[in-house]
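So, here's a batch of structures to check.
Below are two complexes that have chain A in common, paired first with chain B and then with chain C.
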Partner chain A sequence: MGIKRFHYARDVEEALSLLAAYEGRGALLAGGVDLARGLAPEVEGLIDVTTAGLAGISADGGGLRVGATTTLEAIRRSQEAQGYLGGFLAKVMGHVATLPLRNMATLGGAVVSAHPWADIPTALVALGAEAVWQNEELTEKASVEELYRRPFRAIFRRALLTEVRFPAWDGAFAFEKVARNAGDIALINCACGLGLDGEGKIAWARVAIGATPHRAKRLTAVEDFLTDEAPSEELWAEAAHKMKTEVEVGDDMRASAEWRRSAAAAIVRRALDRAAKGVTGDA
Partner chain B sequence: MKVVGKNVRKVDGIALVTGQPVFTLDVTPPGAVVGKILRSPHAHAEIVRIDTSKAEELPGVLCILHHGNVPRTPYTTAGQGWPEPSPYDSFLFDRKVRFVGDRVAAVAATSEEIADEALRLIEVEYRQLPAVLVPEEAIGPGAPVIHDEEESRGIHDPQHNVAAAIDIRVGDIERGFTESDVVVETTCEFPYVQHVPLESHCVVAYLDEEDRLVIRSATQVPFHVRRIVARALGVPLSRIRVIKPRIGGGFGTKQEIILEDVAAALALRTRRPVVMKYSRAEEFVAARTRHPMKIRIKLGAKRDGTIHAIEMDVLSNTGAYGTHSLTVLSNVGSKTLPLYNKAPHLWFHGKAVYTNLPVAGAYRGYGATQGYFALEVAVDELAEKLGMDPLKLRLANHIRAGETSPIFEKIGEGRAGKAQVVKSCALEECIREGAKRIGWKEKHGKKTSEGRWVHGVGMALSMQGSGITDIDMAAATIVMNEDGSFRLLVGATDLGTGSDTILAQIAAETLGVAVEAISVYSSDTDFTPFDTGAYASSTTYVSGGAVLRAAQEARRRILEVAAAILGEPPESLDLEEGHAVSRGTGKKVPLSEVGHRAMYVTDQRHIIATASFVAPESPPPFAAFFAEVAVDVETGVVRVVKFVAAADCGMPINPALAEGQLEGAIVQGIGHTLYEELLFSPRGRVRNPNLFDYRIPTAADVPDIEVVLIPSDEPTGPYGAKSIGEIGINGPAPAIANAIYDAIGVRLYRIPFTPERVLKALHGKSMG
Partner chain C sequence: MLKIYFELNGEPMYVEIKPGEMLLDLLRRLGMKSVKEGCRTGECGACTVLLDGKPVRSCLTFAAKIKGHRVTTLEGLGSPANPHPLQEAFLETGAVQCGFCTPGMILVAYDLLSRNPDPTPEEVREAITGNLCRCTGYVKIVEAVLLAAKRRREGVWR
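And then the complex of A and B:
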């Protein structure tokens, strides 16, 4: 009953072997935010992975690599993240929780916890970010979007997320969120990205919506609708309308499906407009 | 004035910010054990069987209390004066549970873990009863009777779940509406909201070396705790001592005896010190809330804008117990209707109804907050119907100094009130100053758009009281030390408001010394004189009145001694800068010499003075509130762009602290208005008993708030002061509702104004 032992993992291998040894009664600890919210009663051992050398941010061509135990605040402040996509990812971090929590919470934790209401998965799905994880036998990787289609909770019972890789994009992204107050989780959120071709038409579009209240998803129908079109206010309005018909929304105690449908359309239109203007801030 | 009216530093400020062990649970007596409460999983059930044998066998469990082994004495948990206006409908533990979270049993154990395990091992067999969660259904035919026990007393109509009722008529309401040229009628709803003090309810209870029961508690009402625990446990009052250390906020929820009785019972049974504290979840479920209300209001006015008739019909939900049910209900009318005293025809009626939901109680604003939401939204509608600027309509109707209202006499503290003429009122200046600062003339009725954000402005007025007339009594003792410094002993309860500081300022001003020369001690029922406690906006006015009188008496005694030293008559002496000074000759003697002589040298005596003050009336503070909002018409998000409050609290004793009270109350009110609400499952369980799902404003949410104090001189108040603690919370809901209407032309009648509700209202309008 309750925590009996606490370990500092010196590296990934040690973390993994400890995790395996606990046979389901161990838990990895990074920021500890989610563990503090609700630790499974069967957990007897905590394995601190912040000592495993997984924190760090580095530019990777036009992309970015972020170690799993990098805190959200470290990303928000990092030069490398601010240089990636006009600081899009860094700014998303500013939407998440409060400073004290951002100083604890890690990117890896956000990916693995994958809360349906969370902001980071929405941004990561839109960005086509790739998760890299390791278990005792091998290293695997998949896009975050793909990962969420797999039984990822089972995967991470015996694996450790080590890194998230962000690809280079020729274009811009924008993030939008509606919450009740500062530091709150989203009632709905979205991340949209656009790139233009030589003729000023939309070469690619990425549209992800989260907190619907389901986990972040891309809306490829909206993306396809936008591709090859010329950016305009009217196009965003039409995309928003498409959004309204395509998006799967539901009720929870925070908001109704009906409101989410309207709000989803509104924030997607805004995000597309801002992305098109190359504006990635709070403008 | 040397000290009063100055922003002196909070006397407890340094101890608080340096983390000194000043709060209830900062110090635990050796050998303390932990008390925990088992709570009901059902909204309404009878306890058929309770078996504690397994729990008792657990090593470390010292005692388990439940209805089978404690006295069954009905009492009220409301820490109010005497006679207690709330029904005696609570028991230490009962055979019945009346809401999800109601007390079933309590455990004392040597550790928190053992106590938790013991709670799990208590076997309880319930017979579930039909529950009623909706006030309208609770008073409808065939509703389950929530208080069917014989022993309860003071319930208005237990068979129909009516805890309290009120029906006050002035003039002839039917005629009033017939004679009116314009009539508006509207219904506003206030949901369940919780106080969320930083420090939850907590207590340490132990037996001292003489076997007296000592209760160290985070309470707003130490003397009521003593009286109520004595009653509930059948212990003589003389055997109980209550100590109130620093308090980490209360807002009314600590005007309740909800933990002291259990901790005391466990301490008496185990003879060990018992520590108890509410978790945040317990705070949401089993502390107290504001009374949710549905208020239907009807206003009639003459064509010229004179308000001629007001009807207020209140349905208040008191939850499972009737604590503060009558007095909060009364306050909905008594604190609102006098504001528009031109109306000769009034009808104020309502019921406070039991339901199988958490218990409502005292909460800053105390019914006035709910009342003003309805009244000030209705006044806005009336202005529109009259084609008048709502500001002008309010100016034409509000009460002024020298005026009265029949309501003062009709409604008191659970009984008739007392006639009162308003002696100080700067409301007109408050309205004008606030209007200037928000830019009323430029902005009202001229909504502007910034993309999807549409801006509007709205306003609301409010008054409150200062203490409870003829009931609230405070006493203070001033003790002079031989070095010319003083101790100020008060039963008044500083719950973070800064009252110790302003009481020291009143004493210092009167004694001609700096605040640093006064050591304030509050409160300990063994060592400080009586005070009804910190509620009803009473401390500055009532406790301050007592301090002023005690200081005046101490001053008289000091001057006697100083006169002997200086060889001059006492009447010719003043107290200034730590000296007694002759107005005629300029001769002076330091207070240290006065104190030394009185204590050790000649005609020895200890200069001590005690005085009491009973509120002879309840002079209202006044305020005008103005909100500028921006509404996102695509998502329904409402943003408060700017909030202005201009308030008349008489002469502010410490302007910075008064402004802080106003700002804090406004922020709390904005929380109510935009996002706070307890949600319930169909079976009465609170769905969001945590700060993740129940949002309160944080520093990052505070908009641009401008507060301005417009002084008036209240002749009955200490140095002209009136109250400021509560009034600020009455403004945000109606001012923001009216501003939203100004922006988007949609009226909202139910807080919180969530994006969902705003958008739905907008869509409803466009469809209509």
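And then the complex of A and C:
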């Protein structure tokens, strides 16, 4: 079959009209990193959405808005992203792949591809990031966590992700990843966030773990365990133990379930410690 | 077929491409043989080129996407008769063995030095993380980039 036509979508409406007209034989193209590696044989038309004016980063109160076709490297270097949560999101981007791929890959692509081993979904689930998408009839939004519970692959066969919104948090987050080398995909990753109340106790906790080898999930049992407790080395150790018993892990070609269970506990302990130091300014 | 305008190594180009053609194939078709096909999955870095000055993988870039943009390959930096200071540094330090990774290495190094004129060895290693070399063990490549950086600071550059 092969690609017969290439379209430069000038706006979201054009991209969606073309996508509908192809009746399953068209594909939306952003950075192309995933698409070019796994192009379905039935695809005849490519619809470039990087020309649709969706790239951009803006501060939104204490939060952040990132257009879907913003590249990962643009986020890493942006002043707005560096000003959000002490640069947490910008730093996460630095853990993803290598510079030439980060110059191509987009945030929207990372959300839609949703690789189970990917780092970005883990950070987005922890942050409570909200995805905004449009289909031919309406605009919808949901947290990335909620989106992944829905049949999101089917949703994005006829919709375009347009923006990701990051809420304001009064606290700090930390990301941890174990990989075989700096540019490699995660064997396990996690993102943890903490906020303290006036008495120095944990007011809220967010704990997400990914590459287990399943897609990123929050561990609410660990979050609940931490809430209302006073931060300490001992508490992180107990939370790590809780993680070890609660986390769902599996084997794959990269790592065993047993190794992942131990590693999950170790990186959550580290991430909680770093997040707590981020809140108190000791980081 | 699709006709696109773009700038290749500073020269205007108007070419006919297939809608699904990859930039790697277009550039080699246009005689830019410094652009190497390694893995075709974006992992090895041998096909790296600069798109509007930023390194990207030409094996995963659809050629149609470069319409109206600037592409730089190693041919745009220097030639055997007039090598670029980075190429000279690679030759002098013995950073080239089989040479397959060298074009990609030099282009990411060029990008690094344009952003960071005085990198540490660690920063050089980080910059070339996505470019695989199976011959040198990377030590000489890092030396070459640091030598070129020193010369750049001394004004030997273009």
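Heads up, the rule we're going with is that the second predicted complex is superposed on the first by the 278 of 283 C-alpha atoms of A that agree within 3 Å, B and C clash if a C-alpha of one lies under 4 Å from a C-alpha of the other, contacts with A are read in each partner's own complex, and residues count from 1 in each chain.
One rule holds for everything that comes next: a contact is a pair of C-beta atoms (placed from the backbone, for glycine too) under 8 Å apart; a residue touches a chain by one contact, two chains touch by 3 or more.
Small disclaimer: the values here were computed from a predicted structure and weren't measured.
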**Asked** A:Gly87 contacts which: chain B (first), chain C (second), both, neither?
**Response** neither
**Asked** Touch check for A:Thr98: first (chain B), second (chain C), both, or neither?
**Response** both
**Asked** So, A:Arg5: does it touch chain B (first), chain C (second), both, or neither?
**Response** second
**Request:** Would you sort A:Trp259 into first (chain B), second (chain C), both or neither based on which partner it touches?
**Result:** first
**Request:** Quick one: classify A:Gly183 as touching chain B (first), chain C (second), both or neither.
**Result:** both
**Asked** Between chain B (first) and chain C (second), which, if any, makes contact with A:Ile267: first, second, both or neither?
**Response** first
**Message:** I'd like to know which partner A:Pro167 touches here: chain B for first, chain C for second, both or neither.
**Reply:** neither
**Asked** Do any residues of chain A touch both chain B and chain C, and if so, which are they?
**Response** 2, 37, 98, 181-183
**Message:** Applying the document's contact rule, which stretches of chain A touch chain B when the two form their complex?
**Reply:** 2, 37, 98, 178, 180-185, 187, 253-256, 258-259, 262-263, 266-267, 269
**Asked** Okay, in this complex, where on chain A does chain C touch?
**Response** 2-6, 8, 29, 32-33, 36-37, 39, 46, 48, 50, 73, 97-101, 103-104, 181-183
**Complete:** Contacts from chain C onto chain A in the complex sit at residues 2, 18-20, 22, 41-42, 45, 48, 51, 54-57, 59-62, 64-65, 67, 108, 111, 126-127, 129-130
**Complete:** chain B contacts chain A in the complex at 113, 452, 632, 634-637, 674-675, 679, 687-688, 692-693, 695, 697-698, 700-701, 754-756, 759-760, 763
